[in-house]
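My questions all concern the structure below.
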Amino acid sequence: MARAIKKSSRKAGLPPGTLVHIGDKRQAHTRIRLIDYEENDLRETEVRKIESLLSLKNSPTISWINIDGLQDLDLIRKLGNGFAIHPLTLEDIVNTGQRPKAEEFDHYVFVVLKMLRYDPGERHIRIEQVSLILGERYLVSFQETPGDVFDGVRARLRKGQGRIRRSGADYLLYALMDALVDQYFIILETFGEKIEVMEEELLANPTTEMLQGLHDMKREMIFFRKQVWPLREILSSLSKREMTLITEATGVFLRDVYDHSIQVVDTIESYRDLLSGMVDIYLSTVSNRMNEVIKVLTIIATIFIPLTFVAGIYGMNFVYMPELRWPWGYLWFWGIVVATATAMLVFFRRKKWL
Amino acid sequence: MARAIKKSSRKAGLPPGTLVHIGDKRQAHTRIRLIDYEENDLRETEVRKIESLLSLKNSPTISWINIDGLQDLDLIRKLGNGFAIHPLTLEDIVNTGQRPKAEEFDHYVFVVLKMLRYDPGERHIRIEQVSLILGERYLVSFQETPGDVFDGVRARLRKGQGRIRRSGADYLLYALMDALVDQYFIILETFGEKIEVMEEELLANPTTEMLQGLHDMKREMIFFRKQVWPLREILSSLSKREMTLITEATGVFLRDVYDHSIQVVDTIESYRDLLSGMVDIYLSTVSNRMNEVIKVLTIIATIFIPLTFVAGIYGMNFVYMPELRWPWGYLWFWGIVVATATAMLVFFRRKKWL
Amino acid sequence: MARAIKKSSRKAGLPPGTLVHIGDKRQAHTRIRLIDYEENDLRETEVRKIESLLSLKNSPTISWINIDGLQDLDLIRKLGNGFAIHPLTLEDIVNTGQRPKAEEFDHYVFVVLKMLRYDPGERHIRIEQVSLILGERYLVSFQETPGDVFDGVRARLRKGQGRIRRSGADYLLYALMDALVDQYFIILETFGEKIEVMEEELLANPTTEMLQGLHDMKREMIFFRKQVWPLREILSSLSKREMTLITEATGVFLRDVYDHSIQVVDTIESYRDLLSGMVDIYLSTVSNRMNEVIKVLTIIATIFIPLTFVAGIYGMNFVYMPELRWPWGYLWFWGIVVATATAMLVFFRRKKWL
Amino acid sequence: MARAIKKSSRKAGLPPGTLVHIGDKRQAHTRIRLIDYEENDLRETEVRKIESLLSLKNSPTISWINIDGLQDLDLIRKLGNGFAIHPLTLEDIVNTGQRPKAEEFDHYVFVVLKMLRYDPGERHIRIEQVSLILGERYLVSFQETPGDVFDGVRARLRKGQGRIRRSGADYLLYALMDALVDQYFIILETFGEKIEVMEEELLANPTTEMLQGLHDMKREMIFFRKQVWPLREILSSLSKREMTLITEATGVFLRDVYDHSIQVVDTIESYRDLLSGMVDIYLSTVSNRMNEVIKVLTIIATIFIPLTFVAGIYGMNFVYMPELRWPWGYLWFWGIVVATATAMLVFFRRKKWL
Amino acid sequence: MARAIKKSSRKAGLPPGTLVHIGDKRQAHTRIRLIDYEENDLRETEVRKIESLLSLKNSPTISWINIDGLQDLDLIRKLGNGFAIHPLTLEDIVNTGQRPKAEEFDHYVFVVLKMLRYDPGERHIRIEQVSLILGERYLVSFQETPGDVFDGVRARLRKGQGRIRRSGADYLLYALMDALVDQYFIILETFGEKIEVMEEELLANPTTEMLQGLHDMKREMIFFRKQVWPLREILSSLSKREMTLITEATGVFLRDVYDHSIQVVDTIESYRDLLSGMVDIYLSTVSNRMNEVIKVLTIIATIFIPLTFVAGIYGMNFVYMPELRWPWGYLWFWGIVVATATAMLVFFRRKKWL
């Protein structure tokens, strides 16, 4: 969690609107992919020169400009000027420690989202910021690294499947947000399975590592929730069409993503409740084991300590000890031992310790 | 809980509006039952061909089309086209991992609800999604499997009991929602009885299984609450007649179901509080038992360890030990033993350990 | 708590508006008492025939019709028809598991309240539903059993004390609600005293019964709170005169009851906080006692176990053990014993265990 | 806490508006002090006859009538009639268990506040109700006992310091509220210092009394918070000038007191968090001490129990035991003892128990 | 925390608007620095005479008057008169225990903020109040001591970097608030790193000091949160331009700081959750260590106590004890010892204690 904060503090003291790339993920060069489409046609190109993009702004087709890599500040500045984007927006794009948000500017809507993927090796959620700029007939998406969860959307665009080619740029925005939120469900599923496995292990054999594992899960849940929580507001405001660039038809679809985001938050809350309950179970199982240990100690000690005392008596060297000379003295001794032990066992049985 | 999530993640990457049946419950074929009624007449038929239904949309009678089984996507698609239902609605119907919700579309209201039944064998609540489409003079209900809680409503329809035959399709919607919420009360009753039984057992003889049982109950409560919570909003918006298809007369009845849903949530909250209190009682009882065990150990050890030491002294083989030759030495020894033991017992009594 | 739920589930599947008396309290016959008053006159009668009441609806006097016992469904149905009461209202009256609420209908206001009394024998709060129907110039009150907290109001009516005879039926409604809420304060006082007593006992001598007692109290608080919480909304909406049957003068008085209801809820919250604190104190005191027990065990064992070892040494039968033959060997032994014990005691004193 | 409730329950059953003095604080006679002022003049008198006050209502000067003692119900009733005060207001004045509130009536504003003082002897906050009636050009204040926190206000009035003499009665209301809230800060300071002292003691030497002390503090915090919480609403509504008797200039000052009241509530919340943390520290320190005790027991027992067994072996009387006759047998024995003890100590050192 | 409260209580009883400097930080003399700028020009001067500032109020340039040190009440009073500042504002400036707030007055906006710095030596956050008065074309800032976080802003002003010289005084206000909030991120980073370090230590070797450290961190978090929480409202109201002195362009920038303030609060909440989880881990690790200690005790005692009893038997001096004379008696004894010990070890292994 400290990572996200580290990034932001590095910027302290600089004037607002200063472009400083803040993020761990660096790559050799920035890659720009353009998908330019209308109902009956689709053109997909790798763009080298940023200048060639600027004319698209006014073309009748819908243009999806996807940018992988945020180090080339010069390129981003040029793009910003070309599309008349507010300096603060550009700053938020390259400073990847943003809280998810949706803001309306004069002629575009700016949306910051988080692409989350669960890394089973390092046991934590990997995060990448996706910034989206929705204009009248274009959508620019910024990613930190190549590789994303939008391949399904691209496939649908290419095949002209569904209504995506017949709709505007706002529907594309919806499709991308939907793909991101669908990914959240996959993470939830992973967590759900891990929780089920842990629940069974917990009852079978609780270990200290398991407590650490529960703590790690809880931390990931806190992190996850922090990323998803702001989505609710974003989607609520988008789906209520408070922003003019969103059409009514797309609003209905965004309401659907809004429902999904609520479902994600609900499930995270349920998982947190479950994890808290599991910590309680863990602590109680550990304490039960200790009780069992102490019971064994008590039973053994309580039986043998008095008997050892009796044996000690007849090990004494008093000159005058009549029992020692009794013919059946030794047998009597064994009688006492057996009787005492039996009485103790009956006592323990009654107390339900055995 | 993980089940519900698994379903949704399976859909990730598909275009919205794609019909994929997501759910565990599969059955051989889909069954369509039609109840077509007006104040003085009722006709009940099993429908084979979906086409025969489409004319009902404009008939003056009220039609209740009930569909059991969601695998026949073709059938659902045809129905959707016939009744002009939004693709997202159809998607939500077959994707049974929806959060309960009510949405108004151009000419219909779409309501997703959960039919819950407590399965005492598996000790968890079984869930089935019920989707309702309320039109001007028709109501279509979709269920995952045959068998439901609506037999009472059917009986009333057949007998013409109450106002149901004299009212519109919105009243039928109310009647079905009322039947679902009534079922929630039955589950609450089951839980209430289980909690009472557990409370008594808890005081009599707490076991680790009981803690597990409390944890299971808590989990079911979290699950239950998650299903019921959205109902409040749904019923509130329906009863306030924000939707044009709901008449004022039915609004009054829906307010009644709204009150019931609040009562259900309130009771779930109370149960959660009670269960938390019971976990505390459990932990405290277990810890009390341990205290008792330790007390017994301490009493026995504290009495006999010093006495064993005394016996040990007179078992020593020093050549010069005057006590050993005293005529009353052995008696003196017993005197010391009895005095020490008595002193200890008095001490324990004072400490209220005995 | 389970009781309240049981009642409601028994109704599942019946058409709404069906009158089924749901409640534990049954009595031989229903008793109807009428108090008919105006500023200068008051007439009190026991009514046998329900028909004689119906003319009162339009009389210029204020009529308070009080009905004890809800089994005679026929009578209630007749009354409902006579006063044109909505079927759902009648259902809510006889189904005594309602959540407190206030609803406005065309020509009357329907208020459901809970009459609470603390039963010291069974150690829980006894609950009885009081339903009030406020019309233009009449008020009908329904109770489950005879005996209520309204005797003060009756006395004031008879004596013409205060403004009650000079005011309308809405003031009578206020007077009855005020009497109910005053009763809540008496219950709070009882709880307050019990908490004070328990707090003192807790410090003196904590027992497992006490924990059970705290748990019982907490449960009663949860139950109490559940009954009082909805009162706030009811009184807020009544006092803000959202309902036309409430006059401005009475609104001021209802605001006063509203303040009281907030005070009751506040105090319940405070008590819950106190009880939680007391559970902590209990657990900590118990754990302190165990610490003391373990300390005694440790002190005794730590002193005598090494000494017993020393005694054991000189009890050995080695042929060559020089100490045994030393003339002062036995004295030396005692020297070691005293020195060891003293050292231990000094150590314990330093550790502040003694 | 139970005190406040006891008072209210004593009134149950009486008609509203009945004047019954409910409070513990009684004094021989009621004292009425009048301060009558305008910008250039101030007159201070002890009033004997209530009638002489009534003319003040319409005088051009500002009149502050302060009444100490609430037993003389007759006097209060006369005053109420003279100033046309609603019976419920009078009832609230003499019934000192009110929740703080501000109510607007036709021609006056009624404010109930709590004067709090920390009594270090009894270790709890002492509470006194102050009721204020703000009219056009007068302010009547009611206190339970003589002695208050308003001497600073009186001094400023007499000296004509600040704007108080130049402002209206609403400014006087503000000045009194400000003085009351300032007093809350003094209590907070006292608590803050106590918490600091306790924190240091807690780490040095935790005792059971300390836990009781923490519990007492928490209870006082609950009590304190309950008194201050309603202030926020009161001051918010007063400072937003929802009431016509408050001028804009005074609104600005009341906003300042509003800020203070929020600060008090914030600080109480912080203190409660701190106290909870301290209880955790206490419990953990106590549990650490027990661990230490158990460690000592374990070390001693684990070293000496095996050694005692060895000594026991050579104390046996078998006729044939070769070791007993070995010349170096006794030395060997000591060798075993030293080796075992050393091995144990190394083991403990490794486990970091020593 | 008590510090902040102490300051406020010292003022109790004084008339509002009385200037009393309340704060720990005192310095020899007050320093006034003026930066007077327009797009193309900047003048920086150290001001000696307060009178020279007053003309600036109406000059066409933007003036930033920064005052370090609040003891010279006379100076502040003069400034207050010169700039027509409300007495309450002046009081809030010198009384440094204010809650952060933003208030609009007739011709200026008054903002109170907290400059926070983490002092690693004393392990707590140091706090300094910064008061800002924003006028039409001037901004006056008050600090308790010299040294602040505004050097970046000054550098930008001098270099004419960014839009700061081209914008009004409201943009300067934004720049200062932004610098303060950036500083919060640096504190968060410090805490984040400390938490990471503590988490690792906690698992390696939990000590009581560590618990104290966690408690200190939690306390700092409570303190931090209390300072940042009110920022949200302040920035929300400023960015929504409820105040006329804030231009639309600056509103966009303030929305950015608003987002940051939410992020700070979110992160503080996450840290508090993490710290709570760490306390649980600590307690559980400590309790696990105790379990291990008790297990060792139990294993040793359970093996040797019965064996010591057996040895005790054959140390008895009964005249008739046949075993003592058996030729293989001593070997038999060893056989019993080995068998018993092995059985015990197998038992422990099965219980998974070894």
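Letters A, B, C, D and E mark the chains in the order given here, with residues in each chain numbered from 1 onward.
Just so it is clear, a residue touches a chain if its C-beta (ideal position, glycine included) is under 8 Å from a C-beta of that chain, and two chains touch if they have at least 3 such contacts.
No experiment lies behind these values; they were computed from the predicted model shown.
Common partners of chain A and chain B, by the touch rule above, are absent. For the pair chain A and chain E, the fraction of shared interface numbers is less than half, so the two copies use mostly different residues to meet. Between the CA-based centres of chain A and chain D the separation comes to 42 Å, rounded to the whole angstrom. Chain geometry summary: the mean Cα position of chain D and that of chain E are 26 Å apart.
Chain C has residues 287, 290, 294, 297, 301, 305, 308, 312, 315-317, 321 in contact with two or more other chains.
Arrangement of the chains shown, judged by which pairs touch: one closed cycle in which each chain has exactly two touching partners. From chain A, proceeding by way of chain B and on round the ring, the chains are encountered as A, B, C, D, E.
Considering their complex, residues 1-2, 4-6, 8-9, 11-18, 86, 88, 92, 97-99, 101, 103, 105, 205, 208, 211-212, 215, 218-219, 222-223, 226, 279, 282-283, 286-287, 289-290, 292-294, 296-297, 300-301, 304-305, 307-308, 311-312, 314-317, 321, 323-325, 327, 329-330, 333 of chain B touch chain A. Looking at the complex, you find that chain D touches chain E at residues 149, 151-152, 156, 161-164, 174-175, 178-179, 182-183, 185-186, 188-189, 192-193, 195-196, 203, 252-253, 255-256, 259-260, 262-263, 266-267, 270-271, 273-274, 277-278, 280-281, 284-285, 287-288, 290-291, 294-295, 297-298, 301-302, 305-306, 308-309, 312-313, 315-321, 351-353.
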